[in-house]
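Chain naming follows the written order as A, B, C, D, E, F, G and H, and within any one chain the residues start at number 1.
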Amino acid sequence: QQIREERDGNPSSAVMLAFKTFQQELDTKHDKYERLVKLSRDITIESKRTIFLLHRVTSVPDVEEVLAESEDKLDGVKLKIKLIALELIGEDLYQYHRAFTPGIQEYVEAVSFQHFIKERSLISLEQINKDLIFIEDKKNEEPEGLSSDSQDEKDKPVCFQVTPTDYLLGVADLTGELMRLCISSVGNGDIDTPFELSQFLRQVYDGFSYIGNTGPYEVSKKLYTLKQSLGKVEDACYALKVRGSEIPKHMLADVFSTRAALVESDEGIS
Amino acid sequence: MSVNEMFSGIQGFLSADQDVREDIRKVVQGLEQTAREILTVLQSVHQASGFKDIPSKCQRGRELFCTVRSHLGDLKTKFPAEQYYRFHEHWRFVLQRLAFLAAFVVYLESETLVTREEVTQILGIEVNREKGFHLDIEDYLSGVLTMASELSRLAVNSVTAGDYSRPLRISNFINELDSGFRLLNLKNDPLRKRYDGLKYDVKKIEEVVYDLSIRGLAREPGSGGEE
Amino acid sequence: MSVNEMFSGIQGFLSADQDVREDIRKVVQGLEQTAREILTVLQSVHQASGFKDIPSKCQRGRELFCTVRSHLGDLKTKFPAEQYYRFHEHWRFVLQRLAFLAAFVVYLESETLVTREEVTQILGIEVNREKGFHLDIEDYLSGVLTMASELSRLAVNSVTAGDYSRPLRISNFINELDSGFRLLNLKNDPLRKRYDGLKYDVKKIEEVVYDLSIRGLAREPGSGGEE
Amino acid sequence: QQIREERDGNPSSAVMLAFKTFQQELDTKHDKYERLVKLSRDITIESKRTIFLLHRVTSVPDVEEVLAESEDKLDGVKLKIKLIALELIGEDLYQYHRAFTPGIQEYVEAVSFQHFIKERSLISLEQINKDLIFIEDKKNEEPEGLSSDSQDEKDKPVCFQVTPTDYLLGVADLTGELMRLCISSVGNGDIDTPFELSQFLRQVYDGFSYIGNTGPYEVSKKLYTLKQSLGKVEDACYALKVRGSEIPKHMLADVFSTRAALVESDEGIS
Amino acid sequence: MSVNEMFSGIQGFLSADQDVREDIRKVVQGLEQTAREILTVLQSVHQASGFKDIPSKCQRGRELFCTVRSHLGDLKTKFPAEQYYRFHEHWRFVLQRLAFLAAFVVYLESETLVTREEVTQILGIEVNREKGFHLDIEDYLSGVLTMASELSRLAVNSVTAGDYSRPLRISNFINELDSGFRLLNLKNDPLRKRYDGLKYDVKKIEEVVYDLSIRGLAREPGSGGEE
Amino acid sequence: MSVNEMFSGIQGFLSADQDVREDIRKVVQGLEQTAREILTVLQSVHQASGFKDIPSKCQRGRELFCTVRSHLGDLKTKFPAEQYYRFHEHWRFVLQRLAFLAAFVVYLESETLVTREEVTQILGIEVNREKGFHLDIEDYLSGVLTMASELSRLAVNSVTAGDYSRPLRISNFINELDSGFRLLNLKNDPLRKRYDGLKYDVKKIEEVVYDLSIRGLAREPGSGGEE
Amino acid sequence: MSVNEMFSGIQGFLSADQDVREDIRKVVQGLEQTAREILTVLQSVHQASGFKDIPSKCQRGRELFCTVRSHLGDLKTKFPAEQYYRFHEHWRFVLQRLAFLAAFVVYLESETLVTREEVTQILGIEVNREKGFHLDIEDYLSGVLTMASELSRLAVNSVTAGDYSRPLRISNFINELDSGFRLLNLKNDPLRKRYDGLKYDVKKIEEVVYDLSIRGLAREPGSGGEE
Amino acid sequence: MSVNEMFSGIQGFLSADQDVREDIRKVVQGLEQTAREILTVLQSVHQASGFKDIPSKCQRGRELFCTVRSHLGDLKTKFPAEQYYRFHEHWRFVLQRLAFLAAFVVYLESETLVTREEVTQILGIEVNREKGFHLDIEDYLSGVLTMASELSRLAVNSVTAGDYSRPLRISNFINELDSGFRLLNLKNDPLRKRYDGLKYDVKKIEEVVYDLSIRGLAREPGSGGEE
């Protein structure tokens, strides 16, 4: 009657041996994936913090100070991205793409937000990627030695490549932040920024319309939010224009500087 | 039979739980009713005539908060203190509303931001989770945000009522509030969404101040502020 | 600035909350890992060879519950006791699974229904909510139901392994369990759905008993029970 | 500047007076609605309890005892339905229908379940409604006096009319309970009930197919569940038949009575 | 076969029910058509040119209500009078719309709030349920709320048309309405939701009045205010 | 085997159908590309600088419609004419978009409403179903509604660009459109939903005109202010 | 007014369209009624008693198909032939159901798979699109798949009724059908989803045959067991 | 314009990407077709008659794998080798299916578990990612799990075909597989879900073995067990 004797997992059978190697392979892969997810989460948090920090430019006296602080924060983020790049040496980037894409998108959002505040223009994908080439110092750097397999690899620069899609998605989210910046600017009496922003957002919106639904699904999904953000910015400019019509332009600045004195701080950006 | 006895006991537990929820629901209904009454009282400040007797309206609101305290006192007795979060959803909404009303009363009285401690005193509950029925920080913040949008409406109506200094004071207050919120790392949760609305309140108030400024109506912050 | 200070304090609260959740998640991952290991050990009783050394498998399971207790002890330290329900969703699933495993071990050892008290002892937690980290009654019942369907599988496999008396004992046990559940007024909640599945386990076991009966293999309830 | 003086709710204005009557009308209506919801909830709970109780017929020695107990419970439910009927005197039944429909459907489920267990047939809508005609004793009855407006009303019988739709929906749910009864019967060695049930359920299913989507939406929605229940019952009968094929019928009963002795109770229904 | 017969009976009931509903639907379509025509007439008051001949537009609207009365007279014949609520959903929407149109006509004519009685006279139906086809109080109130939001639009457009006193009168009217509604204990029903929308209308009108006030355009309440 | 042969035949049918759909999809992709290009050209009118050379933008748009006509000519050859509705879903979306673009070009050129006939001429297709590849009336109306919401955006941006007379003209146009739509008996279909959006566009534009009026900015179309 | 005239014209179009749809709906309702009657007749084969007079049930079903043919003849007259796909959704569901019923009748009569040609003959419609009102291939296949799941139910119930040979025949038939479907390249459309269900029917029937085999009940088709 | 240029660049990238995907899709369609043909060949083993000539069916399957190899060789040329995972989703499904078919052929031939190396040889692809187009470990394991459920079906059908020893051999094989899988730490990914399904296959096979055991049909494991 003992018909099924000895069948349970003879530990030295070929099947069990094979599965032991599978176990190892899967665990290795999964661990790497988890490390990347963790890095991505850290990058997301730090990038979000940078964005929050940057929003302060509309309310503080010293914009440069904020920018310097955000620069520091982004340098920290870049170091994390370098760790991702190190994990990916010799790997197929797309194999682990889902692990780090949220973080990278948020980084694109943060870095392009900073770029816009400084330069009033859209940072290019090339520029972003150029900033993610990390050149190793010959010896004493990087004592963690995350993947220093061979000696000659040390000389090659480690670099990370943001994919065009992640770039697009990050830029799409940027527009939401720009909309918030615009509303805050109006709220704080900055009368130039909103017009610049509407000009800029229209260009970005045109760009996205041009791509339309040929991009990945996530991009088309964001088009609607983008259009709403643009609408809010256009409405803000309209309101400024209409209200501004009741007073000559040179007096406006005057009004606002009086106002600024009241809230005990100098004028925002400009 | 032993298993049967065990399950009879379990059924007792389950029934008790349903009864607790029923009890809570009833008290919460009463709370909502009182909250609506306070709202009616306080909202009358938006009316032209309302600006005159803000103090008496606040007085009336304060009285109604007695009823609130008695309801909340009742609520605490309906379930063991350590199971606050088990039933949180039942009273979360009304608690946020009460936090708003308390914040509004305090603002109307003293033009300051109510602290969480003050709200809990007004409601007769605890600040600290450990001590018992308390006010969650998210619920407090949500109440504060609701007040902010009430203030933007107040700024508009005070101009209509001829009070030109109040909008400036509101503007300063709201700006301070906005700076405060900017310190928070809000995730993409309901609070974040509500906070995004604050920017529009800031903007609206700023527009009122601007309208006053270009007409030279906003110069008297020192003098006529209290009207 | 006073408002700013207030909000800095609030930000501290919010960050702390996120950290707590992160900590809890990590401990729960460890718990799930250990639960999987116990499951592997106990499931080997279904194999023909497994019937011989049930006691040693239970022994091994009991040892692994030490690790569980240590994980759960760790878990308790991650958050204030009175906020159990605030974070319940994080560990509810694994706790149901552990209740099942405890119930299965106890059944294999003594063919009795584990009580909620016993489960909490095996897991090193409390029975009463008031005392601290406890096992919710719904989670206990859910674990018991999972065991029931494991037993229907065991009934089938014990016949294959030549043990003809076990199915009858399982049948009696499951019938008693079924009567017990019938005493409960379950609402249309997840538990009710899971309970509906019990009927199929009852039916399957009854079919096994029937198959044995018509072949005259089920007569020896007294004699050959332990084989 | 005080342009909007005196406008806030002059309490004696025509508008305010009108709204005070509205307040009263709405509150009256709402209170009645709430009372009906409460009654409906009570009816649901008690009906569900009755159904649970009735399921015990498959496992207890004395079926009559269970039936007597369930009869008692249903009498209690009927008293609640009478309260509903009293609330509805002079009202349009459909105005408050949504308040009590869940309870009534559950009552139909319970009462038709009991009827099936006793009579092995489907209770008719007419029969259900006949049981809901309440004749008042002349004087001393009903001291609650919920709506004893006029003297002559006391002589008319109070009655409640279950709508055909509520009846249909209750019967649709009944089939789920019958499926459970069938599975339990098999589990407890009752070999006749499943076949009777499958016969009966097929008739009900045919009835519902005949109505198809001409009934209200909720009915069509339940067709799928009904079909699944029927399938489970047919599978159970099939299993009994197939297993029964291995032994002559007269031996089967023998087998089960032995079995029954083991679980220390007499045969269930039979 | 008995089960069969029962279902045949019910099927008969269901068919008859469907026929009645089909009849009702047809009449309701006509009503909707007429309601749209009245709407087109009345909405032209928003146009700059429209302000001049409000009376003639009201006149035209009143004429179209004759057609409405004839449709509604037809509708009554389609089902037993005491089963109004059985089919309520079919005409509820159009009846609310007609109540709105009646309220709007009356407001344009006399700047007063139409009473429920007046609406029923205009529509040729009953006030009381007992008397026959009537106007539900919720439907009346819903129509009034729709008018409120139409009035907020009218306030905006009357400024465009150069009529600076109308917004103030509308503001007073809406405030009285708002006070009225605040007397009601609205539950979480559709009416409550619609009433929540009134807040926005009130706010919008407040902003119009504010715009006029700050520009000194709102001074003439004494002279032409009551018109 | 007979069944197998039957299914082989069926597979032939299915493949042919899939090929047709593949062909259609490819042409539609080209159409969408061109539609996006036209959109980009026309959207630039919203730019502050864009108001100056509307004619040249329309010119450029008209040129791109040549490509559209050639794509659509191609599309017709891909399937039997009488199966238009079989594949309608493939091109419905892009056709609505093209109808919008044609309506927008025509409006920018002449501030008139494009007729369905004109749209079909611009697209090089038929008006009548019987004649071949045509423009469904619902698709035409959907395109018109999209234009309406584009015009409300245009009203806002023209003010920003300093053109204060355009919003009034847009307002009149949209009001006429709104009256037109009110003649239609729309069912609860997608078009109805889209039409409900028109109300918001009307209101939005009215508020723009209001903002201009109250500031005395809307006077300069000279005499035609009251129009 | 020009825009108004345009829209009046459009309303004409829309009304005509709605009338056509109304007409179609009415005929389809009749069709559904007849389909339900056929279903009731054929479903009675599942009854224990039903196995005896399958031929007479088929006979009765065939008669009812006359009514179907007359309804479908009527349907064709309600709209222009080339707009089949414009209104397809209205009758698609009932046509699939009729295809199923035709397939079921044919199977019960001859245990063969109905061809699309046969179905169209039974329904009195065309096979080829070009010729007029036809049966779409997808709708035919959908009907066949519905029959497959009905057959798995029949296999179960025929055992209950004591007919042990039918399940084997059904099993062979279904296997052939399954092979046939595997020749098709189905996209991710509804049909694909329905086809995935066929796997379960195949498995279910195989288990029935298994249950018979292991008990030696499947031997009596005499020689043909291996067939 | 700079922003414009950036988007043009990206659009170029996206177009190229779409072209690649289009190419891949076409090859994958061919692969799916061939996979379906292999499936049809192999599934005929479930038929009573199929048990006789398993070898010839395997032979035929092997031949069809030549076509698979040629399709896969084609596929490799469609995209840069190091971007395997960028397009993985396109062929993942069919590759899992082919892994299943290869595993099934090998099992039928030798009753052993195919290794990953063998699968890659049969498909003409690589084992290691570095070497080129390879078979992902998850896809290999997924194919193996599909085979397991095919084997549970085979166990049932071999009883029908009178082969009582095969189910026992399958049971042993599946148990070994189950032990193997239990070594893996599967996360909450699709593979985990599929592995959860293995439980049902194990249970089903256990029940078949049970049916044989209780009828004394499973006695011959000694003689013909290894076949």
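In this section, a residue touches a chain if its C-beta (ideal position, glycine included) is under 8 Å from a C-beta of that chain, and two chains touch if they have at least 3 such contacts.
Which chain is which protein? Per UniProt: B, C, E, F, G, H = Translin.
Here the structure is a predicted model, which is why all the values come from computation and not from measurement.
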Partner chains that chain C and chain E have in common: B, D
Interface sides of chain C and chain H: same vs different residues, half threshold: different
Chain pair with the higher count of C-beta pairs in contact (B-C, A-B): B-C
Whole-Å gap between the CA centroids of chain C and chain G: 47
Mean-CA-position distance for chain F and chain A (Å): 36
Whole-Å gap separating chain D and chain E, where each centre is the average of the chain's CA atoms: 40
Centroid distance [mean C-alpha coordinates] between chain G and chain B, Å: 62
Interface hub residues of chain G, defined as touching at least two other chains: 179, 183, 185
Overlap residues in chain A, where contacts from two or more other chains coincide: 1, 3-4, 7-8, 206, 210, 214, 246
Of chain D, residues touching chain E in the complex: 1, 3-4, 7-10, 13-16, 18-20, 22-23, 25-27, 29-30, 90, 92-95, 97, 121-122, 124-125, 164, 167-168, 200, 203-204, 206-208, 210-211, 214-215
Residues of chain E touching chain B in the complex: 175, 182, 185, 203, 206-207, 209-210, 213-214
Complex contacts: residues of chain A adjacent to chain F: 195, 198-199, 202, 205-206, 209-210, 212-214, 231, 234-235, 237-238, 241-242, 245-246
Chain G - residues contacting chain D, complex: 32-33, 36-37, 39-40, 43-44, 46-48, 153, 156-157, 159-160, 162, 208, 211-212, 215, 217
Touch list for chain E against partner chain D, complex: 1-4, 6-11, 13-15, 18, 82-86, 88, 112-113, 115-116, 129-130, 137-138, 141, 168, 171-172, 175-177, 179-187, 209, 213, 218, 221
